[in-house]
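Labels run A, B, C and D following the written order; every chain starts at residue 1.
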């Protein structure tokens, strides 16, 4: 079901979405942070797309290339976390040419574990961790006839909506306390917009 | 805010090349990584002092490599963290066989990448300690102060850690004393204009011609208050009050202060500010042992400045005033 | 270009007060004149080195008072000459009984006032020599080069004169060697943006967003060519060519270079420029003994930079690299 | 004929003219120099006017106050030269309460001598020296029924006009060579405009 060609298609699409939403992401980040999230995401995906000729049938290998792309081009929190996630996914999928439903679940589990560990993040902090958790739960619920793209689209939006009115508890955003209730977390927003590409 | 640069994508690379070429007696490229700068003459035996972080803040971070200061530094892109492998290389190069103190500015990417790098080099037998600088009182409340970002106060830590290491202190001891110093530092800044990222080509934020932002971060992160531009004295009084409310100094205390330009704010203005900081502290009978006035931690050509207060112990004072060799530090 | 100042009319006074308060171990006010700065510890016996000029150029002029550099300095208003009585006071205070070398930037008011002041102190028995700095190749042709203005190259003279005097050389000898050094210095700058005079509150000149002016003076005097902003490398190549055409160096020559920001141009850009200057000189097999990169002679927050080349003799090299104590100079 | 009250009236008028032409002077200076001539002149006259209460019947004393005003407020070439001139005039007129035609001639002779000496200037360099020389010559020609204000107005303009098309030979202006032929010397221009106040 999910192979090298699918993978390339997805990253091509993510790169396109990252260009479309470049300013939105920067702006959302600028309200509470340094305003580089659009740069971070676009640079990372661009570097992946630039390197797609080096993709092989081994998806683990490809995820390693993706991780390196984010390492090289995207040194902000978001980029660093994604790079760590992609690296751990790569290790776990080494040699795999095709992903099963179980593998997809595994991928999200790895991301969640990695971010908790590396980002010292808790569920409920209003970060990308929460969005990933929403996705994972939805994927696990489904047994057959799964439309991943639908799940990504709907659950990233659900995550975003369910955190409206809640405070952001990580990073510099903490300083703004009550004010952050009115803001979407830029990372969560970005995931929901990127999902439109699926 | 026009720039004298070549390809924006070569901005960091060329400026670091220029740094090394201009001061070959101080800086060298690491042999194994072109984004790592080491001293041109490696130290022996002493504890290594290593840092790393985004570019665009010169002299921070790389500028402070030098005898009596840092051993090595990992260099990220503009306002972005260096990667794990770059940091690991900096630690390996900065290690002189007695462990390495990593000084980190408390930015998400930097902290995570340093942590990972420390795990990697631990496997190779290099002992590390991580000191997270948290002097910016605008970036988290007093209760949450371990989460504050590191800004200009960081340089005090570079100097003191460098001096302690040079004097043969163990990694534990260097960590212990610099941790104390870290607790004794407070910085608060104000931004007047944005800077332009070479690759983006446009300002990092917008601010109108009669406004300033108190507590803005060195990447243009929003501060705690945007207000009308005031005269220097009331502005400085306000910043001093916030700093002193946070650190609580007594009239027997002695301090060092740093009046730091974010880039384009000139020395003349820094000295007007320094004069007023002095008056504020004198009124409280706090003794200023040493004032540092200049560009120590910048955001390229951003206009604005920060005030840092370091509360001194005898030990910290001695190490602050010790000799070092670095183009950006005079004693 | 917003300013953190109080009353514009107190701009100079407060900034100098801040300078002295911040570095009491280096600077003092002269007892007889509040517009004159002396070393905090008077030298004895050596030849006195004195300068003076308008404000708004920090560290020039006053910043270079200090052991191994200047003895005293007269301070004018922003971009305006100090008066005769201020200069006479600086000479008296800078005199240690063995005559005084006056270093003058070749601006009309400065030259005339120094001349008059020298006549006055001569009556009191103080011997003086006047060295007129003329490094700015944009301000007069090669034939007319004695009429050129003094800009960043002046600092090389402060340093060398200071060192010679500290080493006990006579006034005649100090004058002789610094005159030679003066002949060996060339500077050329480029301005990207104006600065604002605190009292005027508006820019000193206008320049559009994609233009630069080659050879503009440090008060915004028109330069030799206004052109489109180019990439750093071709721009630096052009400036280097003009400098080298004027000074004529051989491949056995050794030089020191100074890459000076006029104010807001950041270190990152200066190092990109320094790298390219280095490449230009290396190609000609000219050896760079020492690079100075930073803000040495500014026009407050003006954007732009200058490149200075000092051709060294062994003697000049020794004196350039000798020790000194000044917050704005590292060796 | 020329006493303390006359002197005050003249400086009041010069101050008014300096404000009227402030921008013109700065602009003219800005074309070849640092653009501060308007500031220089206005500051100097303002300081004189501020101190006019200290004027006494002794004109020599008053000229010393005027010199000090320019010393204090006006450190550019023009201001410095004027300060030197005023000082030398003061010395020469010490104790005088009323000026004769001879004294007026003396004043211009002193100015010319001072500027040649202090400014190292030659006649023909296209500076205020040339204007002063024009004035002196005109004053000397006249024997009786002399309207000084008319002479000042006409000869400052004559000086200005007779140097059109000639190169400026002092200061930084030298760099612009041929170009300076098209410019009035800012100091000469200033004298001609100030004379309108007489």
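Quick notes on this one:
Convention: a residue touches a chain if its C-beta (ideal position, glycine included) is under 8 Å from a C-beta of that chain, and two chains touch if they have at least 3 such contacts.
Predicted model only: the values in this text are computed from it and were never measured.
In this assembly, the C-alpha centroid of chain B lies 29 Å from the C-alpha centroid of chain C.
Separation between the centroids of chain A and chain D, computed from CA atoms only, is 75 Å.
Centre-to-centre, using mean CA coordinates, chain A is 55 Å away from chain C. Among the residues of chain D, none is found touching two or more other chains. Taken pairwise by the contact criterion, the protein chains link up end to end in a single open path, with no chain closing the loop. Touching pairs of chains, sorted by label, consist of A-B, B-C, C-D. By the touch criterion given at the top, residues 54, 76-77, 79-85, 107-109, 112-113, 115-116, 138-141, 144, 147, 149, 199-200, 204-205, 217, 219-222, 224 of chain C touch chain D in their complex.
In the complex of the two chains, the chain D residues touching chain C come out as 30-36, 39-40, 71-72, 74-77, 79-81, 84, 118-119, 171-172, 174-176.
By the touch criterion given at the top, residues 1-7, 11-12, 14-19, 21-23, 55-56, 58-59, 63, 190, 192-193, 209-210, 212, 229, 231-233, 235, 259, 263-276, 278, 291, 293-295, 298, 300-301, 303, 305, 326-330 of chain C touch chain B in their complex.
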